[in-house]
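Report on the structure given below.
Note that the chains take the letters A, B and C in the order they are written out, and that residue 1 is the start of every chain.
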Amino acid sequence: MAVINTIRAIGHRVVNAVWRIGVAARFFFLTLVYSGNSFRRFHLIVKELFSTGVMSLIIIIVAGLFVGMVLGLQGYETLKRYGSESALGVMVALGLVRELGPVMAALLFASRAGSAMTAEIGLMKATEQISAMEMMAVNPIARIVAPRFWAGVISMPLLAAMFSAVGIFGGYLVGVVNIGVDEGSFWSQMQAAVDFRQDIMNGVIKSLVFGTVVTLIALFEGFDAPPTAEGVSGATTRTVVTSSLAILMLDFVLTAIMFRGA
Amino acid sequence: MSSNALVEIRDLNFTYDKRPVLQGINMTFPKGKLVAIMGLSGCGKTTLLRHVGGALKPTRGYVRMDGQVMHELDQDGLYAMRRKMGMLFQFGALFTDMSVYDNVAFQMREHTDLPEDIIHSLVMMKLNAVGLRGAQNMMPSELSGGMARRVALARTVALDPMLIMYDEPFAGLDPISMTVIGDLIRRLNDALGATSIIVTHDIQESLKIVDYVYFMANGVIVAEGTPDELRASDKDFVHQFVHGEMDGPVPFHYPGVDYRQDLNLQA
Amino acid sequence: MERTTLDLWVGMFVVAGVAALVMLAMKVGNLGTYNVSDTYKVHAYFSNIGGLKPKASIRSAGVLVGRVTEISLDTKRYEANVVMSLDKRYQFPKDTFANILTSGLLGEQYIGLMPGGDTEMLKNGDQVKQTQSAMVLEDLISKFMYSKAAEPAK
């Protein structure tokens, strides 16, 4: 009997998981369908861009600077062994533009903006604001979810670009200003090695994908949260955990598609 | 009476998770009247209100508003119907990310193409009606409970609905705010020529303002009548409710298995 | 928050983000050096290109003058056909010498152009006749070994 119960428990979990994925997919679809309104009234998106984008600026800039500085230090130590310190710029830039920029920015975005989004929507649900909106014949997906979704999709690549730019500056500070790598070779080797389409555009595509996924998870968890205090806090935790895992897994898949054999 | 009714509920049954929540409810809400639905917590009042708003589908029976059966409407029809309704939620449900002004202006901006200066005049009129013109720039978090309820009331009547529903409008208010809200509900109903449904368990306050009362318990109507009839009523349930007695027709214990069995004294 | 303040902040955010992207493209990436001015194309045959890749740089006297755009194998000659696009501002004589070089001992490979003395200049579609293949490290080592072995023992 214990075995059957275990199998039944597994089955129950799988069915639940699949069901949730289906609900999330339907939610995504509805968000896209009802997006028209938020573009016609663009100030709705602007308002959300403030809370997702502008409010994430400081964490992105500070984190980017430090990650770049660490890359500069570690990269220098490694490259020095092969006598190719001049390739420091290449290493810092490629590392940031291809991987660390999009991934770190997305992880920070998930914990800063994503969790806030889940908590906000969960609380709106708990305090009946969403029901109230529905009773006013206003579709909450069109009015609440869609503008936040697009704000997330728009701000993610911008934040990732800022992260990379600030990070490269951090690498420059440590490598060139502090350690004394030749400034000319730092920039010129970087320019010679970093390709616009291959590296920078792929980084932008990555961050677009991450932005879509993180925002969607955050919105769905908020919308799906049980309307209680523990429901909202649980949903906030799930947002950060699920989206972090999704970012890292998707990053592997995207990297394999983009850079394999190139 | 029926031709004069804005909302009719006929033989409404609703079962949730195999548990009957509403059973055979018949109610009539005549135009221009203020009707209260009273009962204990968890007796199905809010569920009933959600049926009137079209948020739930009945298991059997129907709610007819303005000639149309709510649960047969599609999304567009339902939204068109909801524009004729206003609902005041239990704790106001003000949009926390908007100022008082924007909360009241919300439906006007969503549903009309009125220019901003006309919206401004309308919002001022609504806020003036609830006495909170001076609070227009405050955020919901800065308001006291009573003020928030009044702002929510102004928002509810923003588009002059023909039906106004109140879900526990008196819950958690101090006595002064309670009187203010009660008075506002009555005056707004008469000024707008609207019909109002008040779901509440605050019997003293509501008996002062309403025209008709339905008493509910465990998903069925147990008593109904005008306030005067109810005050004079000698029915057990009404008596227990009005005087707040602990035991009576409404038992103290939720139905369950035998107490001794729960204490494992059977073996 | 006032609508105008909000707009200002969001505007600044978007401008900063776009500026970061442009900075990445121009200063970090190669968009600044690539396809900005008019180019003309010439091609050359090499018997071995080593590790040369498309988009490798073409330098003359160390100055970047163009990029490799296409590499293919010519099956008539069984030699690599390398198409290069050169900046219009830089004109080279017809008898220019193309050389596959390596930056540093293990660095990237690039094409070095050494101008000859011809008065006529290379035009779009011309062929650079004189080429020298890449130095392949393994060949170099084996040559060295052979020559060592061939030396009479002392």
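Criterion: a contact is a pair of C-beta atoms (placed from the backbone, for glycine too) under 8 Å apart; a residue touches a chain by one contact, two chains touch by 3 or more.
Fair warning: this is a prediction, and the values are worked out from it, not measured in the lab.
Student: Among the chains, which is located farthest from subunit A on the basis of C-alpha centroids?
Tutor: B
Student: Can you figure out the chain closest to the middle, judged by Cα centres?
Tutor: A
Student: When all chain pairs are ranked by how many C-beta pairs they have in contact, which pair ranks first?
Tutor: A-C
Student: At what distance in angstrom does the C-alpha mean of subunit C lie from that of subunit A?
Tutor: Subunit A and subunit C have C-alpha centres separated by 36 Å.
Student: Using mean CA coordinates as chain centres, what's the subunit B-subunit C distance in Å?
Tutor: So the centre of subunit B lies 76 Å away from the centre of subunit C.
Student: Measure off the straight-line distance from the CA centroid of subunit A to the CA centroid of subunit B, and report it in whole Å.
Tutor: 42
Student: Applying the document's contact rule, which stretches of subunit A touch subunit C when the two form their complex?
Tutor: Subunit A residues touching subunit C: 43, 46-47, 49-50, 53-54, 57, 84, 93, 97, 155, 157-159, 161-162, 164-166, 168, 187, 190-196, 199-200, 204.
Student: Show me the residue ranges of subunit C that touch subunit A in the complex, using the header's touch definition.
Tutor: Listed in rising order, the residues of subunit C that touch subunit A are 1, 3, 6-7, 9-10, 12-14, 16-18, 20-21, 23-25, 27-34, 55, 57, 64, 104, 107-108.
Student: Contact residues on subunit A for subunit B in the complex?
Tutor: 120, 123-124, 127-129, 131-139, 143
Student: Flag every residue of subunit B that touches subunit A in the complex, lowest number first.
Tutor: For subunit B paired with subunit A, touching residues are 53, 55, 78-80, 82-83, 85-87, 89-91, 93-97, 106-107, 110-111.
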